[in-house]
Structures are given as C-alpha cells and as structure tokens.
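Quick heads-up: structures coming right below.
Shared between the two complexes below is chain A, which has chain B as its partner in the first and chain C in the second.
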Partner chain A sequence: MTTPHPRPVWAEPPGPAGRAGKAAALTAIAAVVLLPIYVVVLTSLSPASAVTAAGGLVVVPRGISFAAYAELFAGGVVTRAVLVSLGVTAVGTLVSLAATVLAAYGLSRPTSLWHRPLLFAVLLTFLFTPGMIPLYLLVSSVGLIDSYWALILPTAVSAFNLVVMRAFFMSIPAEIGDSARADGAGEWTILARLVLPMSKGVTAVIGLFYAVGYWNAFFNAILYINDNRMWPLQLILRQYVQQGGSLTSASVVDTSASAALPPNLAIQMAIVVVALVPVTFVYPLVQRHFTKGVVIGAVKG
Partner chain B sequence: MISHRPGGAAPPLPGGDAAGGGGHRPRRPGRRPPRRAPRRRVPLGARLRRDWPLLLMTAPALGLLAVFHYVPTAGNVIAFQDYNVYDGFLGSPWVGFDNFFWLFSDASFWHATGNTLLITAFQLVFYFPIPIGLAVLLDSVLSPRLRLLLQSVVYMPHFFSWVLVVTLFQQIVGGAGLISQLLRRNGYEALDVMSNPDVFLLVVTSQVVWKDAGWGTIIFLAALAAINQNLYEAAAVDGAGRWRRLWHITLPGLRPVIVLLLIMRLGDALNVGFEQFFLQRDAFGADAAEVLDTFIYHRTLTTAAYSYGAAAGLVKGAVGLALILVANKVAHRMGEDGIYRRT
Partner chain C sequence: MPRDPRPRPLLDRRRFLGLAGAGTAAAATGGLLAGCAPDGPRPGAGSAAAADRLDDLIPRYIPFEGPAPDIPGVDGAPDAYTSFPRMIDAIGGPRGSGGSYTAMTPLWGPVPPGLGDNSHYDLMNREFGTTVEFNFQDGNTIIDKLNAVIAGGDVADVTMIPDWLVGLIPNFDRAADRLFADLTPLLAGDAVEPYPMLANLAGDAWKWGVFNERLQGVPWPSNPFAEWFLYRADLFAELDLPLPTTADEFLAVGEEINDPDGNRWAFGDFYRVMRQVFGAPREWRYAEGRLVHQVETPEFAASVEFLRRVYDAGLVHPDIAAGGTNNKELLNSGRILVDQDAVSAITEAYQAVLADDPGFRLALLPVFGHDGGAPDMHRNSPSEHCVFLRKDLAEDAQRELLTVLDYCAAPFGTEEYMNYRYGTEGEHYEFRDGAPQLTELGQQEVGNGYLFLSGRPSPIVESQYPDYVEPRAAWFNDAIRYSGEDPFQGIRIQRPDAYASVETPTTDKVMDIIRGRREVRELEDVVGEWRRDGGDEGRAFFEQVLQDHGRD
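Let's turn to the complex of A and B:
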C-alpha cells in the first residue's frame, strides 16, 4: 500500500516553520550518511586526471573510468581477498544458519526432554564472555591458526540470534505441529515443511546478520590468520587504505599485474566500494523484517 | 502496510520468558495458555524415544557453544598460573593471585579502565538520546514511502564494518581528507581530527552516532507504533499541543524501552567496542585511546604474557557480570522487566 497515511483529524497541521525545519533536519541527516559514500564512489570511478585535478577526493564528476576496478580484479591481492571473504561469508552463513535454526527448533517445545538445562546453557552465555586470551589459546591449541575455519567456528552460533529464532518459532501456534505429528510427521518434516516456510522473514534477517558479521569480520583474522595470503577483504582495507600501505609492497603481491601501476586514491576508494557494495545491496531486501529480529531479540534476550 | 509496523500489532513489550523457559510459571493473561501440564509421569526412556530428534537438532549449536564458549571460559584458570605454551594448562606452575596483584598495581591498567568508563559515560550522554529523537522525527513523517526511504538510508551504516567506518571518517575529516583538502585549497590550515587526542571522545562518539544511531531507532519506532493512538486523540481534544503530547504521552510510552536499553548499556559499561579502538589506538596514541580490550591485547599477545592478559580479562568479565546483575536488580526495583524476568 503506498497511499499516503492521512493525518489524523485531531492533529493540527504543522506551520510553515515546523515543516521547513523538519525537512531541513531530515535532509541533513540523509546527507551526512550519503555524502561520504557518494564522494568515495565517485573518486573510485574517476580517471587519474580528475583525481589529480581535484587534488584528492573528487566531488564534482569529471569523466568516468573503470580503470581502478580493472586493476583490482586483475588477479592481485584484492581479487584473492574478495574471494576469501566471499567464501568465508557463504560457508559461515550456511553453518551458522543451519546450527541456529536446528537448535532454535529443538528448544522451542517447553515440554521436551532436558529443555530447561539446555536452554539455560544457551542463555548463560549472555552473562559472560570467555575473554580474548583463553579463546586465542583454545583456537591455537586445536590447530585452527591459519585455517579459514578459525574465522567461522568461534563465532558460528550467536546465542542472541538463537533466542530470537526460538521466540519466533514459539509464536507459531502449537496446534499446527501437533496435528502434523498426529498425522505421523516427524520433527524434521515439521521443521522443513511447516515451520521454516512460515518463518522466511525471520530466517532471512538472521541470515543477513550472520552474513554481514562474516563479511565485516576483522579482528578474528588479525588474531588467527598470520599468513597474509589468506587475508579477508577487511584486512586489506585496513592495510592499504586506512593505514595507507602501498599495494605494490613485494611481500604481498605475487602477480606482476598490480605491481605495474602505482596505487592511487582511485584504487584505494575502489577497495572501499568493494567492501561496502555487498552489504548495501543486500540489507534493503530484508529491511521490512528487521523489527521482528530486533524487537523480539531485545525483549526475549 | 507501513514498514516498521508489522501487522500494526503491538510488539510484545514487555513480556517473554527470557530465562529458564516458559511453561512452568504462571503466564500473563493474553499469552498462550499452558497447553498441558508437564508430563512428569512419562518415563525417561519414552521421553528420550519421543524427543531424540529435538536433542539431535540442538547438538551442533550446543557443541559449538561448549567448545568455543564454555571451554575457553574454563581456560581462564591460567590467570592463576604462570602459563607458558610449552607446559600447557596442566604443567604450568600455579601462582595464586600474583597476576592480579601485578594487575592492580599496574598504572596502565587503571588508565585503560578510566578511559573505558569515560567513553561509556560520554556516549551515554551524547549518543544514547539521539536514536530516541531520530525515531520520533522519523515517526512523524506521514508518507510511508518517504519514511521507508529514510529508514533505508539511516540503517545503512550499521552494516558497514568498523574498518570501513574509520576509513570513511579518515577520508572526510582526516588530515588528508576531503575537508582538509577544501580548506587547504582556499588558503586555510588543514584540519586533522583523526589523530588529535584532544577531540578523541568527540570523534569516536561521532563515529558511533554515524554508524548506529539510525539502527538504534528500530526498537523505539516499534515502541512508538505500540502507543495507543486514542491517547493522542483524547489529549488533542483536551487542548494539548504537539509538544505536550510528546512530553506526556510519547515519552512515557517509550519509558520501558529506554530503561531496558539504559540498563543493558550500564551492564555493558566495560565494553566500548573493541575494533573501533584497536583501529585508532595508534593514530590517537595510547594515552587517550587505550581501553581495556586494547590493553589486554597489546599487553598480552605482543609479549605472550597470557596469564596476565587472562587475569585482566577475568577482572573485566567479573565486573561486567556484577554490573549486569546490579543493573537488572535496579530495573526490577523500578518495576521494569529488565534483561531477564524475576522468577
């Protein structure tokens, strides 16, 4: 429905000053969010001459060039890091979502065996975190240093997401499951055929939260990945953009493709764009379900 | 349907059976009635036969939590040892509370703690109210299409990584950033707030506002949608203007959520977001930017002083746990639900 929401009859319409003030505030807020992104995207798409003429970031478009992106995806460090990040995100999201959905369903029936102690074990993880050092020692003692699994397994299950999902499953009328069970359906069938199809929205939101978490993960790679050939994109972003490292440093680049050209602002900004594009395009798809995930979570958590 | 009002239904605030599972406690009216009493008579074997698929389903997640949450938590025993990698948990000598004595006499530990609390306090004043105001502003936009668009825009930075946010700030307000670039071209001095310790609090708080204020509106928008519109109508009929309606209806309607979030933030006072500070500690200098987590990281992992780091982490965890419990108690005293329900 896109018809404008009518103003209630009892509400007085705002005066011209109020109207202008509100419009100005909302425009300013949108500009503060969008302008930095506009400048970064524009610079990444600008030819070298425009960057030089602007003396830095480009605000006014002056020609368009995809040279920076061609450079990044020519098979150098950034290409590899993008592939690493995509792979970790895809596998990690699958693992996380599977474990979370299964456990949320397994804990959604208060009368089931050992329900209370198992749920308690999940909820208890809200109250304390293991601490960076013991976790690091554990990950290294099970041999996950320099393994992509170190970027997935330690953060694979979020108790928060699990509780949100469980709360949603519990809001589905129990009679649906009961009647299916009376017809001889097993728990796996009920989950796959009845519960999951009714929970597409919340599953999409939780999946998005996990995926964004994996895509953005940065510090676990600092801790667990020493081999810079295995670095995910966020570490590349930090090294070459935030800290301004040179992309041609011999220790990292093993292909001559990206060693040929000096790094410039357009290339740096193209790395920023590559890091922000996936999340920017994915989250609006599930935006209408956000309230479910966040509000249920805040209340039940 | 309006985007943030799913089904127009009131969000289930407050309520829920957060801790310890439902079904065994009297429920509030309006919630699903208890289906049947727990069947204590069914023998264990029969329950196992009936429920084994459910247990199997919970196994992967609980296994992961056990290995990557409970085991490392137990690993905190190294705080009472002089741990070294060669001897391991079992062989390293026990030293009692020595690590804690060193920690408490370490000035940089207290400095990091002070910085952490200062940042929390500053953000409580200068960040916390912003999502509330923004939510009220967004809620007052009548066109659903425009509101959806604005929501998309303000939610977006929440999905950016900290590396990305810090990089964007650097590009705009950093020494070589856009604003410096414009200033220099017009003959002014460059502005570099990204390495100036004097404005550190302001910069990191602006970053939090930019990244998360929009996202923070979701819960307030849901609470606003749950306020009974008849209250506004009645107040308007009685002659209350928009500001009085805001003060006497909107704010009291948001009160439970505000208290809940305030308590969660207080319970989390020692956590200020590790990555944000890790990324900027070197630019601003440890004096302003060292927080507890970066202290632990730099003290421990750069020198392999694992026991010392574990001791600091344990102190932080214990104080954090105490804060959560105290904050929750306060919430119950105030008649709010808090993080978990009183049972």
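Let's turn to the complex of A and C:
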C-alpha cells in the first residue's frame, strides 16, 4: 500500500467541472482580447458601404476591400514616416540601452564615484518631471529643433529602467567581479564579458520597453519637429485619425471636394493595424525573457 | 515624458468645449506661464480697444466685384451660387520677390507630401513668386505647440492661430506684442490698397485681429452660425413626418420616429442647440443694469428640463446617451434621424455617403422657437482665426508675405481661389457634375494649408449636391433674423481663469441632470456652485468690460 504523496489542497488536480470552468474562463478572456482585434482588422478591410451600413465598426463581413490601405500608402507620406520611425526606434533603442547599461553598472558598484548623489538625482526624476515648456526651451537652446536627435535624447534614459537594471546588476555576486579583477580584468571587460552575458534577459526586456516607447512616441515630434517630412509614423497616423473629428472651422471650411477624402472608419482602423504590426512582431521574440527579467528586477529591487 | 493630457476632442473645438480644454491646458502648460502674470487678465487690458478707436486701425473696406451671387445673403448671411460661375483673374501675375518663408498652421487630416514632392506647392509658389513652406501642426494639439514656441520665442514667419485657442494661451496679448508684427502701418485705412483681396474682408472681422491696440492678425470672416439640428430629410419624407415648429412638436415627432426594436432612435445629442430654441443667451444677457449668465436664465432651465424629458422618453440613441461620439455614423446610417452638428457637416456626410446611397438627404431643420416664437440664435465670433507675421521680419519681407496672404484671400469666383483651393484644372481637379472634383493626384497633394494663410468670405457653393444650395441659403437668410442679442458682440475678451475653468464642471453636472443621473431640481444647486466657483467673479469682470466699452 502506498501512502499518497502529501500535498496541499490547492495543488489537487481540478475535477472535470473545474477544468471546464477554467477552459470557459480562459476562452472568454481570450475572446475579450481577440474580438476587438478581429473587429479592427475586419473594419479596415471593409468597403465604405459596409461601414456605413453597419453604422460604425463592422462585425459581420460584407465584402473585402484593400482601398483603405491603398489610400493610406498613396503619396509616399506614410512610407516615409515608417522609415523615420524605424530609424528613430533602432538608433534610439541602441542609445538608450548603451546609456542605461553603463549608468546602471556604474551605479551598481558601491565604490564608484559620487555613486550616492548620482543615484539620488536619478531617483528624484521619479518625483519631479520637468514640465513641457522647460523641456522645449532646453531642446530649443541646444539647437535640436527639427533634428531627429530631439526624438531620442530627451527620453533616452528612463529612471525606471535604470533602477530595474541596476537592481539586476547588484544581484550578481560581487565575488565574480572580484575574481575577474584578480585575473587582471578591468571594469569594461567585466561589464562586457561577465555582467552583460549574465543579463541577457533584463537587457532584452528593457530594450523592448525602450523600443516600444520610441515606436509609440508622438508627442516629442509634435513639440520638436516642425518639418512635416521628419514626422514619425505615429504622428502621421494621428493626422488621419483626427480628420474625422475635426472640422477646422466648421462653419466655413467645408471639406467637400477639397483636401483628401475624409478618412472613413476603415482608414482609421487600417492605421491601427499598421501601428500594431511591428510591436506584435517583436513581442514574441522577447517574450521568453519577459517574466524572468521583470520579476528579478522587482524582487531584488 | 509629456503626453497629451486631453482626450481627443471630437465635436467641440468651438467655444464651449474649447473652454473645456482650458482647464487641462492650463494645468498642463499654464502653470509656469501663469507665474508671469500674478494679476491675470484685466478688463480691457489691451484685449480690445474700444469700438470707435478700432475703426482707425482696420483697412478701408473695398468690396471686390466678383461674379454676382444667385441668392444674395441678407444682413451678414452668406451669399449662394447655384452653379460655378466663370472664374475671373483678380490679381494678375506673381508679386513676390523670390523670398522663402515658413508658415505654421494647424491641419486636420493627412499631411500632404512636402515641398519638392508636391506639384500643388510648386504651382502656388510660382503663382506667389514666393516660396512658402508649411509646418503643419496637428489641429488638436496645436495648443501645446503654440505654448511651447511662444514661450521659446521661435515662431515661424507666418503663424495661424485658431480663434478658439487665442483665449487658451496665457497672456496672449503680451506674446503677440513680443512676437508678432504690427500690421497697422501696412494695412490700416488706405494702406490696404495694394492688397485688394484683403480689402474685401469685413470690418468686424478685422477688428477681431486687433491686439494691444494694433492691427496684428489677418482674419477669416466667419459665417454667422456654427451649429444647428441636422435631420435626415429622406427618411422624414419616407415616414411622412412633419417638421416641428415647437418643442412639443419636436418631442412628438421624436416619439413617432423612435423604434428601438427596429434599431432606430429619434435623436442624437443637441444640448447646445436646444438652449437656443428655448431662447437662452449665448453667454450673458444684460438687463436692468445687471449681467445674467446663460446658466442662470429660466430659458436655460427650461431647455434642461425639456432635454431630460427627451432622455426619459428613451428617444436618444443609447450610444449617445452613454457619452459616445459616433453620432455622424449613426445619422448617416439612419440609426438616428436628428442630431446636432456643425452646419458644414452636411457636405462631409454627402461626400461620404451619396455615392453609395443616391437618395441620401441631410438638411438643416427650419429654425424654430420652443413655443413657436423666436429662438435665440447664437452668433459666431466675427473671425475664425488670426494669421500673424513674425515681428522681426524686415518690412520688405512683411510686404512680400502680405501679397501671399492677399492671394489666399481671393474669394470664390476667382482663378486664384481655384488655384489655392483645388490646384490646376485637368491635373489636380476636373469639373464633374458642374463642380470641381479632386483627381487622384489632387487628393494626395492638395491640402487645406492655403486656406489657413488668410481669410475670405465663404459663400454657399456646393451646387454638386442635390437639394443643397437653395435650402441652405434660405435657412441662413431665415435664421439671421433670430440672431440673439449679445452685449459683448465684437469685443474680444480674455476670460478670467476661475470663470473659464468652472465651465467644464458645470457642463458635466448639467449633462448628469439631462442624462438622468441627477434630479432636475438640483439644477439650482449646480448654478449656485457655478456662482461660487467663478461665475460671480466672471460677472464682475464682464460688467467691468461693459463699462470700459461704454455699453452699460
């Protein structure tokens, strides 16, 4: 006779009802997430008549049309903005990661120069953010108006990411560094050969945070970029979304036959899809690092 | 990182919700600038020179003799053309001297390809003899940008500021003085003669461009009314419904339309229009030596009570009752039959729907008062926006830019108008159904930018739409007779902060009452809170303005 392995009640396998319940709950949750995406994609692919007939978002398909996408990409403005956004995201993520890794490593060594006041200064930015106008004045005074760097430098280092990364670095036993130092390694070598390879997870996650941040950012461009040819994708797309609600001078400008056709809901939804695609694409690649990276930072912080 | 703190404004822009933005905009951006102005705006502090003084500051009115309208507008109502007349050349050749300038304007809608990739820009720059490069700004966040560039002092050579934003920029007068050119010597009186199209703009609108007792802004004369009831004329005919002439008939028609089981409701939202039907004033009423605000009037209370009855009867589409903003789609698809919207929304709807549904008809409900008498039709401010030139431009450069602004002021009926509005015939547009239609190239490249470099009269001209021009002209000529009295007509006023910021919470509370979340009798409390939280302060301020202008 075998004694049953003692285990707590909550670890018992659920009964059939429990399983069915869980399945239903999970299906419902998945549906809550997927249904809006389905509606968005379907509306973006619907002809104008279907949108009018539905009085809004299309749930039941009535014909497929790529007109919304064709109109979106006609004229080259959106294509150009995609390139701008990709460039800013790529360069920005590199700059941000480099700055964050270096700063976090420096601040994680208790013996480094001015380590406490510097850390304090970083933490202070959690509490006090500079206002919009001072930021603008600063960017303007260093001559970054109408420069792509204005989209990167003001937001290059996030204090949150820096603190998470520092916490991770601090969790690496000091003895590893000490032994490397005994072998004659300098700080750069320790960072590049020991610390970074042990921190792939957190680096990937924070890189993703930065990349998504750059990809989605539009407000910096509103403030700092006057030249419309330098606008990132999100800002261009925003323009499309807003026309529907716009009405400039409602009483005098009739949009009829002037300017482009007012983008209907289909175009707005096509925009949502375009803005979603890259992020949807990158997330799965980084996902496996995700939980680990964030939890480690959180627990050891 | 700063983010846009406000939800996307949908129907607002004008005064009402424009003010709604004031609170948040002030919270987001004004805090700093407010530090420069401990005393806040003062009555008559340069906001507006007294009316008689203004006459010397504005250009002499020299009407432009264009094609005669088919239906003339009376008393400031817009003229109407039932077909496209032969266009005349109003200006002649290019007048610029080859300068190159930047222009910052808002834009609602997609940004056209930039200079170098845009044949419409090339055409216009040839026509001007001057190169204009647009820096478009998202029309809904331009306030943030304006606050930033004004604080930083780096404005473009030409800056257009929509009128409903002027009041949201802290100490605008001072900023205008510091950054924008004084156009008085270049335009006032007979000095305007070299710019015949600018001379064709109405005097009231020009007065709206006076800041610091100097002419600084080039206006866009507005049409008298912004919003009214739109109704589905085709479905009204199909259902054989009468057009209401009183509030009770309006309710009865709604009851008849309403068919929730058939997925059809009577109404969308018409909060702002209904109080005009009940005769509440636009903002203040001056009676017996005292100013009474709209929300304090019995007419306003009656309109709130009536709207509550409409909601209680279930006549409002549930999307709208829940605060939704899809009223255009609901109206276009016939889910609702009556809605409040900009009077210009009809052309938008026709453009979107007419191709698929040739029988589609949207029209303005004939003007009516709640008891069959006269409503109080709220007038627009005289100008939609002001266009400013940068102060430190040389005088020659200012004159060159004024020729550009003059070109863009060419009214309907001129070749210049067709150029800046539609481009080259055969390339950017072609005539179809007797009206210009943008070609594919035109749709990509022609934007609204040039409209925002200046102003011009705005007649009713969309003769390509069925049942459009004549009824609309008749509506304006009728409605103009019911223009409400406004003691502050023509005076530009920067509102005190407390008064401006009490507007949004008050509107929210009133909406709570209308939508059934609070009782109608609580309106008194709401008005009391309004008085306490800034209303009375506003009254004192406005009474001072009346005195300063000798209108008390």
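To be clear about the criterion, the second predicted complex is superposed on the first by the 197 of 301 C-alpha atoms of A that agree within 3 Å, B and C clash if a C-alpha of one lies under 4 Å from a C-alpha of the other, contacts with A are read in each partner's own complex, and residues count from 1 in each chain.
One rule holds for everything that comes next: a residue touches a chain if its C-beta (ideal position, glycine included) is under 8 Å from a C-beta of that chain, and two chains touch if they have at least 3 such contacts.
Quantities reported herein were computed from a predicted structural model and do not represent experimental measurements.
Enquirer: May I ask you to name which of chain B and chain C touches more residues of chain A?
Expert: Per-residue touch count on chain A favours B.
Enquirer: Identify the partner contact of A:Met198: answer first if only chain B is touched, second if only chain C is, both if each is, neither if none is.
Expert: neither
Enquirer: For A:Val41, decide between first (touching chain B), second (touching chain C), both and neither.
Expert: neither
Enquirer: Which of the two partners, first being chain B and second being chain C, lies in contact with A:Ile133: first, second, both, or neither?
Expert: Both chain B and chain C are touched by A:Ile133.
Enquirer: First (chain B), second (chain C), both or neither: which does A:Arg238 touch?
Expert: Touch partners of A:Arg238: chain B and chain C.
Enquirer: Who does A:Gly56 touch here: chain B (first), chain C (second), both, or neither?
Expert: So A:Gly56 meets both chain B and chain C here.
Enquirer: So, does A:Leu162 touch the first partner chain B, the second partner chain C, both, or neither?
Expert: first
Enquirer: One more residue to check, A:Val77. First (chain B), second (chain C), both or neither?
Expert: second
Enquirer: Examine A:Glu187 and indicate which partner it touches, taking first as chain B and second as chain C; both and neither are also allowed.
Expert: A:Glu187 contacts chain B only, not chain C.
Enquirer: Which of the two partners, first being chain B and second being chain C, lies in contact with A:Asn226: first, second, both, or neither?
Expert: second
Enquirer: Shared contact residues on chain A for chain B and chain C?
Expert: After superposing on chain A, chain A residues 54-56, 129, 131-137, 154-155, 217, 219, 222-223, 238, 241-242 contact both chain B and chain C.
Enquirer: Would you mind writing out the residues of chain B in touch with chain A in their complex?
Expert: Touch residues, chain B against chain A: 1-4, 6, 11-24, 32, 35-36, 38-39, 44, 47-48, 50-51, 53-58, 60-62, 64-76, 78, 88, 134, 137, 140-145, 148, 150-157, 159-164, 166-168, 170-172, 176-178, 181, 184-185, 210, 214, 218-219, 221-222, 229, 232-233, 236-237, 241-242, 257, 260-261, 274-275, 278-279, 293, 296-297, 300-301, 306, 309-310, 313-314, 316-317, 320-321, 324, 339-340.
Enquirer: In their shared complex, at which residues does chain C touch chain A?
Expert: 1-4, 8-11, 13-14, 28-29, 31-33, 102, 104, 106-114, 117, 134-141, 144-145, 147-149, 151-152, 154, 156, 162, 220, 222-223, 225-227, 325-326, 328-330, 332-333, 335, 342-345, 347-348, 350-353, 355-357, 380, 384-385, 421-422, 429, 435-438, 440, 443-448, 451-452, 458, 462, 464-465
Enquirer: Show which residues of chain A lie in contact with chain C when the two form their complex.
Expert: Listed in rising order, the residues are 48-49, 51-56, 74-77, 129, 131-137, 140, 145, 154-155, 217, 219-220, 222-223, 226-229, 231, 235-236, 238-265.
Enquirer: Okay, in this complex, where on chain A does chain B touch?
Expert: Counting only chain A, the residues touching chain B are 1-2, 4-8, 10-12, 14, 22, 25-26, 29-30, 32-34, 36-37, 39-40, 54-57, 59, 98-100, 102-103, 105-107, 109-116, 118-123, 125-138, 141-142, 153-157, 159, 162-163, 167, 170, 174, 186-188, 191, 212, 215-219, 222-223, 234, 237-238, 241-242, 269, 272, 275-276, 279-280, 283-284, 287-292, 294-296, 298-301.
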